[in-house]
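Presented sequentially are two complexes of chain A, the first with chain B as partner and the second with chain C.
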Partner chain A sequence: MASTTARRRGNDFTSAAVRGFGYALIGLFALFCVLPFFLVLGTSFTAEKTITLHGYNLWPRDFSTFAYKIVFENPDLIVGSYAVTVCITIVGTAIGLFIVAMTGYALQRPDFRSRNAISFFIYFTTLFQGGVVPFYIIMTQWFQLKDNYLSVLLPGLMTPFLIIMMKSFVKSIPHAITESAKMDGAGDFRIFMSLILPMTTPALATIGLFIAIGYWNEWYNAMLFLSPNMSYRPLQLFLYNVVTSADFVRNSSVASNIQPRDMPLESMKMATAVVATGPVILFYPLVQRFFIQGITVGAVKG
Partner chain B sequence: MKNLSFRKMLGGVLAAVLALSLAACSGSKNSADSTDKGSDGGKASASGSASTDNGAIDTSKFVTVSYVMLGNKPTNGQFEKVMEKVNALLKQKANANLEIKWVEWADWQTKYNLLLASGESLDLITTATDWLDAWPNAQKGAFMALDDLLPKYAPLTWQEVPQEDWAETKYKNQIMMIPEDHYTQWVNHGFIYRGDWAKELGITSPIKDFETLGQYFQGIKDKKPGVIPWDSEGTNLEMFDGYVNSYSDAISLPVSTGPIGIFYAPSYDQKFTAGSPVFEDTFLNFAKLMKEWGDKSYWRQDVLSYKGDAKTALEAGKSGGVEHHTQTFLGERYKMDQLQPGSELQFFPWSATRNNLVSMSITHGATALGAHSKNPERALMVYDLLRQDPEIYKLFNYGIEGVQYVVKDGKRYRPDGYDVQKDDFYSDFWGGRIDKNEIPDGTLWDGYKDLYASYDQIKKPYPYGRFVFDKNPVNNELTAITQVVSQSLPAIVFGKAGDPEKAVNDFRNQLKSAGYDKVVAELQKQLDAYKQQIGG
Partner chain C sequence: MLMCLPAIVFFLVMSYLPMPGLYLAFVNFNYSDGMFRSPFVGMDNFEFLIHSGTLWRLTFNTIAYNLAFIVFGNGLQILIAILLNELRTRWFKKFTQSLMFLPYFISFVLVGLIAYNILSYEYGLLNSVLKSLGADPIQTYSNPKIWPFIILVTFLWQSTGYGSVVYFAAIMGLDSEILEAAEIDGANALQRIRYIVLPWLKPTFIILLLFSLGGILRGNFGLFYNLVGANNSALFNSTDIIETFVFRSLMNNFNFPLGSAVSLYQSVFGFFIVVTANWLVKKMSPENTLF
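And now, the complex of A and B:
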């Protein structure tokens, strides 16, 4: 009797030690992940001169909101950029998710005859691309999408990688379900909407997050196709422009006659990072549990 | 069986892809042809109307002229206010409206060339031979030839620019752009240092060579605790060019090798000979001196990875100087006179040691006309007004008097209560400024006239204005050399490469194996051809 309690106590002790060690390790790891972010946050509130003289600091030595002042120089502009990005992200994710899911489902149906050919065609575009100039000419001259938000929305709708991921996830759903539904008289679209979609929630959450982050961070297409004539452009492009122009004005010998304004370059970079990441950080925990499941299931069964 | 069908299918898909791409190619070719014809037609009709009108220019139709500017569009609303006034004047004088198309600093190299490659109908375009790919774009036919249009539609500019300057803008004997040749700007590099400290340290005459500069650094090290003699970013390799300038007569060739060019002609008299001081003793001496200076901590130990801003340290009184160009010095001097009164900022231009100074290219700024321009005549008229009409010029360059600037004693200042965020205006008109219409900037140091005068005495005309190095034959070698330069040169420049003799040897060997000889041979071939082309 005594010996069992002792043993149990011993077990408790080791498991507590192991657990404590584990917590410490994970805590430390988490700290390492979070620290850089705090460094960014701290630096964004530090006066530029202090950064130059003393380097980056976790805690601002010399509290200053000047960087944010420059970023928010024209509040309506940044609010407008936020609105554009949020709209594009929501609309793009909704449509993109639907199309990617449909494509992924169709491509794995064994009774879809040219599925391999079409899969190959989609895969092919990941290997060979036209390059920037043809892309630009097609978008601006053929489709006339210059200064049109569609030029940012459309290219992101279907990503080959996500289609392949979706395809391999749907493969894990037995084909028998589709067939039995068919026997009960359901049409293809009905099967997709009421049977397949509910069963692929984890994959949808994962892919949705990928698409959403893609749209959230989108600046290249916006840079190419949305000229400054548009009053509002996506957030990332707006912020990128704020930073690059300051950088350029300060370091370039090209434009020899610009009088550099006093730009808090380092703290401004950090401030833009904070402004850009904010909402994503809030959004991520909500879909996180699906996220892990979605990635692993898709990968293992693929 | 299954295999076979798959293979068939694959073949089918590939064939379809091929067919599609072929169709796409021929399609775009056709459209390009038709647009070309269109522009030719436009030009023909332009000259046609010119001859029938017998001199009088028909401006009855109100048109909008676009102008591609490099820079970020001002966002505080001032730009629109100024443009309203500019456009009112343009309507009155040329019945035209000017619309600025901005190419922002976000990936501007890509976007600028895409804009020209896409065949959009652009009118005026800021361009430059040394930083904006003017020649490659001219080769691709992105610009319209101006020979017939200029005398009639931009007569003042046509007369103002001398024939030898027009010659600099010609591609295949046709004028491709209007140079910014009547505007003084100097971007030759040098060392900006504190005159008050130099005096304190017993350096009474202006610094004119690296030896005295070394004395200045050592003096600061000894007598100014807490001050870094030269707090530099690790990306600034201009010291290399500075040393070459100071200790040889070599002049830099317009071939880019990443962070800094390493190809030079041995002297102005031998400007068509290609080589590199890297393979001469100059470079070894330079490496030795920099090792010595680095060991004496004239700059911070972590200089190679340091990304801070050198000017901020200078302004805070924590650094003995900044390496940058003349224009920066003039602005910095004025600023330092306010921030650190009595600092007496001085400038040691690298040309001071041996009077080795080459002018800037007159096409460092230029304006071209898009090949698909719909209103080439009116575009040139607008350009002529922007450049020559003092009222429009001042509006377009400085903004509205009283709001953006006030004039005191013939100099331009900001009005009292000027708020940069709210009132700032710029149009980045880098394609046709002229000294005649400029109001000197009061925030540039007064002494600029003496400095410019001293440059004028020794400057030699820029010899490579029309030289376009065709990189294609040596593209791979040049890329490899750029790699070597970016990887190894910074350590040598800041004396962090260990034993200088060994470092220099290694660097030379790396360049050789990257294909240095082949590039020099090709460069020489093209320089010979260029010499024939311009010298006859």
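And now, the complex of A and C:
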């Protein structure tokens, strides 16, 4: 008995030391990863004069919801931004997911002759790119998509990485299943819709999440293609404007009858950040399992 | 098959259509003549970039940052994945993994705001701490020397959780009987890590290394742009990378040819690097290549 317990995993001194180091390092690093979020949250609830006196703090010294009151005093802008982002995210994710799943399935079919050529056609775009300048000219001059939400929706539909990920998921489905469906007379599209889609639900959840998070956090194309004369811009670009420009604050102060010098400038930035990010973070514990699953399959098997 | 058609059209329009546009690098662009009818000027744009020293500065910064990201990023990710594997408390593993993954999940705009929250001269947390310790506050946003450090730390903050999941998943694929056998033979944790886990992670590491080498001339635009700010020229010497330069030449200066010239250089040189890296790996260990 004694000898078997001694052989249980790592009961020697070195292994215990490695473990101790592991707990300490991982614990500290995890703390380092979340603390900044509390800094934003704490500041958003701090009164402006406390910030000017003592600077930002992790814990609000005096609790105040004034910044949030101002943010919601003029809810039109933020509600509009939310609506734009939610719409783009839902529509884009639905279309993107459908195309990615279809392509991933087709490229996985062994009887599809040109699958390698098409795979390379897709993969090559990660190796060589035209760059942002021609892309900008094509989107604005040829397709006339300046100040059009399509310019934010279209580029985010899919990436080669997601198609490769879908491919390796479909690979795990036994080929005999699709073969037998074919014998029963089902067409390719029919097989895809009623067999492949239901069988790859975890994959679809993962890929859908990647696309959806991409849209929710999208600011780059919005910044390129949507000019300030558009009234509602996606949430992250809205946040960017609040953070970087004083215009927004000045407009809010007029709308809420507050002297510009009394505006809670700093805490308002943080409050806007909380409003723009909060829902996603609350959602996060529910969905991160899918992310981890997806990375595991997609990244290792490549 | 028809099912691939939407994807083919998508990549054709989004990725292949802009490629001929790199021709812009050789012209003196004006709006009235458009992309292909503006006067051809040959290598003038490149000559200007080389003589002004811009190309050298951008290349140096982009490569130096990426090398630092690759070395410190992978190092920390592997270390954390291995240590996670040694821990025994399940809830602790799950919980810390979630916390470490969280920063990957948020937008670069928020990352920039958080950095500002910590670094701002008047109110930043860093200076509050320094002041309470009796030290002088630092003018972070006008001090180019500390930025490589700030950018690296932010990068590690954001990407370590994600990357360590990849390595952790790879470790999970390791047959646990091998580890147990090693223990029965009296190997301690360090020896198991040194002789079993690390060699096991080598293929994953090589694949990820190839990917990152391929992108070594591509920056992490969102990170740099949101951390440093669009026009903080005081910091350009230490923070300007290829993509921030291209973005500025597009949005601020409307200098399309210069931006395209840098893009072309980036694409061609980057392509050359991937092919070389892949060829090297093929020579050394044929089973680990990308294509």
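Observations, loosely collected:
Here, the second predicted complex is superposed on the first by the 198 of 302 C-alpha atoms of A that agree within 3 Å, B and C clash if a C-alpha of one lies under 4 Å from a C-alpha of the other, contacts with A are read in each partner's own complex, and residues count from 1 in each chain.
Following the convention adopted for this analysis, a contact is a pair of C-beta atoms (placed from the backbone, for glycine too) under 8 Å apart; a residue touches a chain by one contact, two chains touch by 3 or more.
Small disclaimer: the values here were computed from a predicted structure and weren't measured.
In the superposition on chain A, contact is made by A:74 with chain B only, not with chain C. Legend: residue contacts after superposition of the two complexes on their common chain; A:278 is shown touching neither chain B nor chain C. Shared-chain residue A:131: touches chain C; no touch with chain B.
In the superposition on chain A, contact of A:140 is made with chain B only, not with chain C. In the overlay built on the shared chain, the residue A:121 is in contact with chain B and with chain C.
Look at A:269: by the touch rule set out above, it reaches chain C but stays clear of chain B.
Taking chain A as the reference chain, the count of touched residues is higher for C when chain B and chain C are set side by side. Look at A:219: by the touch rule set out above, it reaches both chain B and chain C.
Of the two partner chains placed by superposition, only chain C is touched by A:99; chain B is not. Looking at the shared chain after the overlay, A:228 reaches chain B, while chain C stays out of its contact range.
Common to the chain B-facing and chain C-facing surfaces of chain A are residues 51-52, 120-121, 132-134, 136-137, 141, 219-220, 224, 237, 240, 244, 266. Per the touch definition, chain C reaches chain A in the complex via residues 1, 3-4, 6-8, 10-11, 14-22, 24, 34-35, 79-80, 83-84, 86-89, 92, 95-103, 105-110, 112-114, 116-118, 120, 122-125, 127-128, 131, 157, 160-162, 165-166, 169-170, 172-173, 179-180, 183-184, 188-190, 193, 204, 207-208, 214, 221-222, 226, 229-230, 243, 246-247, 249-251, 256, 259-260, 263-264, 266-267, 270-271, 274, 290-291. The part of chain A that touches chain B in the complex is made up of residues 48-49, 51-53, 69-70, 73-74, 77, 114, 116-117, 120-121, 124, 132-134, 136-137, 140-141, 219-220, 223-224, 227-229, 237, 240-241, 244-245, 247-248, 250, 253-261, 265-266.
Within the complex formed with chain A, the residues of chain B that make contact are 6, 9-10, 12-13, 17, 24, 28, 31, 70-73, 75-76, 101-102, 104-107, 110-111, 114, 117-120, 131, 185-187, 189, 308-309, 311-313, 315-316, 318, 324-325, 327, 331, 364, 420-421, 424, 426, 428, 430, 441, 443. Contacts from chain A toward chain C in the complex involve residues 7, 9-10, 12-15, 18-19, 21-23, 25-27, 29-34, 36-37, 39-40, 43, 51-52, 54-58, 99-100, 102-103, 105-107, 109, 112, 118, 120-123, 125-138, 141, 154-155, 157-158, 160, 163, 188-189, 192, 213, 216-220, 224, 236-237, 239-240, 243-244, 266, 269-270, 273, 276-277, 280-281, 284-285, 288, 291-292, 295-296, 299-300, 302.
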